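Two complexes, one shared chain (chain A), two partners (chain B, chain C).
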Partner chain A sequence: MHHEDLTPSVIQGLAWYYLLAALANALAAAYLAYGTMVMEGNSRVGLAPKTRRMPSWLPIACGVLWLGVAILLTIQAVAPGPLVSAAYFLGALANMVLAIQAGADAAQFGEVEARGHALDPDYEAPPRPPSLDDHIPPVGLGKPLNRTMWTLIWGVVAVVFQAMGLSYQLGGRVAMPGFIKDAIDAVSGPTSFFVGATLAFAAMIRYRRFLSSGVVAWSIVNLTLLFFGLSLTDYDFRDIVVKPDNVPIVGMIVLVGVFTWHGLRRAVINDARMARGLPNLEELEPEKVLTWPDLVYTELIAMVVGTLVLVVWAIALQAPLEQPASSTTAPNPSKAPWYFLGLQEMLVYFDPWMAGVVLPTLIILGLMAMPYIDTNKLGNGYYTYEQRRFAYITFQYGFLVLWVILILLGTFLRGPNWNFFGPYEYWDPHKLIPLNNVNLSDLFWIDLLGTSRPTNPLVREAPGILLTAGYFVVLIPLMARLFFRKYIEQAGWGRYLVLSLLLLFMLSLPIKMVLRWTINLKYLVFLPEIFFNI
Partner chain B sequence: MTLKEKLAAARGRPAGSEPAGTASVPAAAAPTASAPASPEIGHEEPSPPAPPAPSRETLGRPLTLQEKLAAARSGGAGAAARAAKPSPRPAASPATSPAARAASSRAVPPLEQATDPRDLAEHLRRAGAEQAKKAQGSTAKAAPTSKAAPRKAESKVVPPRPGREVAVSATSRRGLLRVGFWIAAGWAAFTAGMATLLAGSARFFFPNVLAEPPSTIKVGSPGDFEKGQVEERWKAEWGFWIVRSDAYDGEDKIYALSSICTHLGCPPNWLASEQKFKCPCHGSGFYISGVNFEGPAPRPLERYKLTLGDDGQLVVDKSQKYQEELGQWTDPESYFKV
Partner chain C sequence: MSLIEKVSETQIWKSIFRHPMPTDRRNRVVVMLTNFFLHLHPVSVRKQGIALSYTWCMGGTTFFLFMVEVITGVLLMFYYRPTLEHAYNDILALRDVTTLGILRELHRWGAHAMVIAVWLHMYRVFLTGSYKPPREFNWVVGVLLLVLTLLLSFTGYLLPWDQLAIWAITVGSNMARATPLAGVEGPGSALLKINGVSLITSGSDAKFALLGGRSVGEMTLNRFYVLHCVALPLAVALLIMIHFWRVRKDGGISGPM
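Showing the complex of A and B:
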């Protein structure tokens, strides 16, 4: 049973959430309607000036309305009164005006463009030089987009978000339907989450050109906003997401997403440019700025903003101090600091010696070894995917899926007793998930051969030891023959051995996880006699 | 111009030899392409009038840095000798290098107005030449032996690194000795300090007083415990449960189970409704017998020594552990048979 408690403060918060979502979309619509549309890597020299101008009253009107919002909220903070709703309606009005005017102007511009053709069928538009109005997409990102249509779409999205916000403001109780929550809870589990993340990563690589388009990215942002907003109506979801501990992790999802997208987009554009023999984006852009004033001013502003954010954050969200540390009691669930939650998730699948010492050491050593293993001289100082495919995929899989995704799993989806809970599930400490794990030796001797386990530990664990040794002994030459022939020619066997060992250790994590989930395998090699388990 | 093109221009290498960036700014490539090669360090073409310098072709391998330096030096010297025959100039004077001559054919604007990196380089070169001249003059006055270096260069023999042994006089040699002494003393002091710190840290592990709590506690008489009971009273302070159960081997026994998970040392919780111990850190689960069955814990919970005291009370001794996987649970001191 899901727990919905739309208290007045929650409803108020959601109303403002959608107000901001509508503002973002209204700004997107205005950007498409009035902005200069020459994208990355295209020269602006010789282009005709733009004719799509924002009506001068529009920014003034929106500015005045938002100023009113700020003034009303300030008064409200000093002397409490019913001014919050007034402020809200002013903000909503500003959003509506911006979205509707941008849409109307975009349609108008489209009409102006088409009119010449409509009047006279024989009329041919004079060959005019391209102007700053023309949407010239970056090389490699496909066709120009229809500015009128997309302005209208983002305008409509803004209006819809604003309408949702207004309905909350007027006391509406829109909530995510229970059956959707049930469905999401039912399909979520560590297996589906992790395998889904891996598939999503593969899709990101495969469809990177599609994803690099700004329209697609903004659509994803909008869907995420809607999904997150609707999810916030659920008590259990909200309880976890707005916990002061977890707020920075929600922010981290946004940051990781934005930077990954930005890098991938520049890489796609650069790859397409270089394939056509054009200089890449980084060569086109000036590499240097003046220390004074550019750099120092930027640093000053960054410092001030950073300090402000930290101060406001520290006041608004109370740091959670828990009970004094004790060796005999632990909170349930006991969670590591957020940046170590990936390691904690690894510890579920490995012996502490392995996941706590060997693998972290290998991660650090591997990162240090990278410059020595990497013989690919390309991609220095510019974003690229095509020229560094192996490096990009390996690093991003390790970072995004094997680290960030595991942090998310540990933060949001691991509850009491380290059980897995769906995003809308109540954290029941008595949730029963049968996890009867077995070792490979049991599977081999008892289930497969039908005998009892041999008493000699080495004979008992022979299948696991052979399998583990075979993993390295067979796969290293096999990979050398299949995938790394050119690399070995360039870099030599020494580098290849280091690379392949690191790679196999990295892959051992997802392999072990999948084995745990599918056949409940606990350890491949189980030697408690010498405290050694793999 | 991009930085690369500027660098290429400064080196005198045609910008077209750089793979990228030529298409974007074709105008920049034109003037630099005509710029002559300067005998700069790192340039691989051997200077033609330098017979003693080995070339890449004759050696069949890339030149080492030292050879390149020697080639650059002798090339400069040779050119200098030919350019100014009546009055042979000092060997490595860069002012008379071919590049300088070529560059001086252009009008060089004053330093404040120089925007072209080549002009800037030219200014630098001139300033360096003046300084070198001054230095040569002063050393010549100070030590007459220093004339050996330029003379060598005149006879077109590749000179050794100029100036080094020239500069070190008898007095400065003594100074060097003194510097060496201070360096050695500094390192000795550093080593001694680190050794002291290390010894102090090692000593830290052997405190004078070790306040250890008593390891034994009386937990009551055997009759106080019912079958299937997990007594949690001692968990918070002592870190064990008293369990009475026949789950392990069918015999009704009382035993003291350590409340430390064998995976990574978190304290598990007793979940009575599920009849299991469950760890909050990584989800390891143990039966009431203490045997592990789920999650990553590799072995059962440990038992503490449990004996019946003279007063009929059970005594738990935490200093003695019994591990199932080592076969120690058969030890009669690891349980009390009811």
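Showing the complex of A and C:
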């Protein structure tokens, strides 16, 4: 089925989308050019002077232009007219002025710094300690940042985004090329998606120092903005992403990403500081302040902001209401509420009694058990990775990959009949996926031994039962010997038993996935007589 | 003497607030001790403990959203009748007719936001290791609050009584059928027999208990409504009190020991 990819309202929406993306980059450029660069730790060790000043006309000019945008849009809302376009051009002008002026000033600063104030070609800057004018990153984040260069880069990105926005505003019809969409659809699948997420997680941990730098993070943000903007030109992508109930999930992904990055960054900084014998960031301000006004006012502001966000959200987006309930016509796909879609995705690999009852129960019990099995006394009350690697990796893998990523998969990429669909694929209810999954008993008796399956169900399923029992019986003592000796000495066997059981259950999901993808395994143990299928 | 100062000298003001405006150090301390709402807080807090870059403000946001849900929820109860006859039409009226129909949007988006805020709060507590002693038990209380938040959201999902609602609840509650021992299609339930008569049938299993019927119907709507509006909020309120009380007793907002 084909739908219009680029309708007039979509084009209009994309123009504003890139206007905001350009604004974000213009602000980033201005921040680098003029900002005081107060980064964690710098302010507290006296490395945050203000040496570059923003010309005072610049914020006034941009403020006036944006005020114009707001006024025009308000008039537009009351009395519709062609004012949206005028508002758009004002906003675009503000972005351009900010980005270009910030870049020009940064270049000017850079030149003055390199040559000195005397316009003397033979002038050589005297050797100096790390200049306070450079952005000196917090301990652990590598070399100083070249502010001039990065101001120019973000300024250019802002101009490019704004140019894209203007082209849409003037009726341009840039869309993501079909061959890219086809290629992405072709390589997406549950396997590549999950394996890719796991690899990305490993890379995040491995290259955490690189990732913690603000420039890298902002580059990723820009690439995501571009990719998301181009994806919005596709009808099928848009159809799923902007469903009212799916909008919060998009918000959640953004928030989880921001906080994951922030937590990682704080951990990297703290680890580097502690390695050098410096106090960690949380120890820098041990003094106490009065709750009134410091905390009470923060809470008040947070409540006001929260109210504003909710009211705007409620006005902008109507709560979904579909046809009246009918117990005879089931929608396809039928989906649980979004926060349970990770569990629904597990139904692909496990029967309901595991995916819907046992594993959720173990998630809850495991979370509750966490403070009692994590006997590591370090890392209490401050961000750190080095001091609690095992806990950090286990929890984050569970939360980010096994929970959030599975929700993402279940929400956006599972269509009719719970079939997998690429992000730009039409949700065809007649898509046929060959189901050729086999049970372990078939593989063992028929393929391996070349006989027929025994009639006694217990004998028939003996290989699977032994394998499942062996998974626990063999691996628990084996892991104890190989990896957890010190832990058991410190925490005792009781805690180890709980920990290892939880770990093995957690790992059972990826294991079951891999078995499905490699040998099409459906059940390890298949005893439908008593509803006991694993 | 300014107007505010004059007002704060009156008998009415003093009888309500028991202290003048908290403008000097002494009164800023006193206000935290004598005001019912403020005495949740300690008098003073560690500066880094309340830094936004440390706490992310997500626990407080969760509590704020809970209050939003209670207020909008109570108001919505004025407009909504949980019966097959009225449920859908009442929601339709909220959308198309009722002046304050935006209450429903506030309630629904607030609920989504609350689920997300709870997760992010737990995420921060994990990343800063704040579940470690002496705060182990408060983490457990927090996990219970997470479960209750999800249940609140889940029970509320049914109330609009549209296709989205009943099929989401159908998919979700089908799991209960497979509960080991207690579900009709759960492992081991066939073993529970007395004189050859099964104890666990589709009319007596976990799913039936959840839905008040063999499938999602009017009894389910009633059951979820009562859970959503009375039972679960009361449980949450109790646990929130314990949660906050323990924050204080366990040493306030966490920080390096």
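Definition applied: the second predicted complex is superposed on the first by the 493 of 534 C-alpha atoms of A that agree within 3 Å, B and C clash if a C-alpha of one lies under 4 Å from a C-alpha of the other, contacts with A are read in each partner's own complex, and residues count from 1 in each chain.
FYI, contacts are C-beta pairs under 8 Å (C-beta built on N, C-alpha and C of every residue); 3 or more make two chains touch, one makes a residue touch a chain.
What you see is a predicted model; the values in this text were computed from it and never measured.
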item	value
Superposition on chain A - do chain B and chain C clash or fit	fit
First (chain B), second (chain C), both or neither touched by A:393	neither
Partner chain in contact with A:374 - chain B first, chain C second, else both or neither	second
Where the C-alpha centre of chain A sits as vertex, the angle toward chain B and chain C in the overlay (nearest 10 degrees)	30
Touched partner set for A:419, first chain B, second chain C, both or neither	first
First (chain B), second (chain C), both or neither touched by A:75	neither
Partner chain in contact with A:323 - chain B first, chain C second, else both or neither	second
Touched partner set for A:245, first chain B, second chain C, both or neither	second
Touching partner for A:288 - first (chain B), second (chain C), both, neither	both
Partner chain in contact with A:480 - chain B first, chain C second, else both or neither	neither
Partner touching more residues of chain A, whether chain B or chain C	C
Partner chain in contact with A:204 - chain B first, chain C second, else both or neither	neither
Shortest CA-CA distance in Å separating chain B from chain C in the superposed model	5
Overlap of chain C and chain B interfaces on chain A (superposed complexes)	280, 283-284, 287-288, 326-327, 329-331, 334, 344, 351-352, 356, 531
Chain A-facing residues of chain C, complex	22, 25, 28-29, 31-32, 38, 41-48, 50-54, 56-57, 60-61, 64-65, 68, 88, 91-92, 95, 102, 104-106, 108-110, 112-113, 115-116, 119-120, 122-124, 126-133, 135-136, 139-140, 143, 146-147, 150, 153-154, 157, 160-168, 170-172, 174-180, 183, 185-191, 215-217, 254-257
Touching residues (chain side chain B, partner chain A) in the complex	2-4, 20-21, 23-24, 235-239, 259, 263-264, 266-267, 269, 271, 273-274, 278-283, 285, 293-296, 298-299, 325-326
Interface residues, chain A side, partner chain B - complex	277-280, 283-284, 287-288, 326-334, 344, 347-352, 356, 416-419, 429-430, 432, 434-437, 522-523, 526, 528-529, 531, 533
Chain A to chain C touching residues, read off their complex	40, 245, 248, 251-252, 255-256, 259-260, 262-263, 266-267, 280-296, 298-299, 302-303, 306-307, 310-311, 313-315, 317-327, 329-331, 334-337, 339-340, 343-344, 351-353, 355-358, 364, 367-368, 370-372, 374, 376-384, 388, 392, 395, 399, 530-532
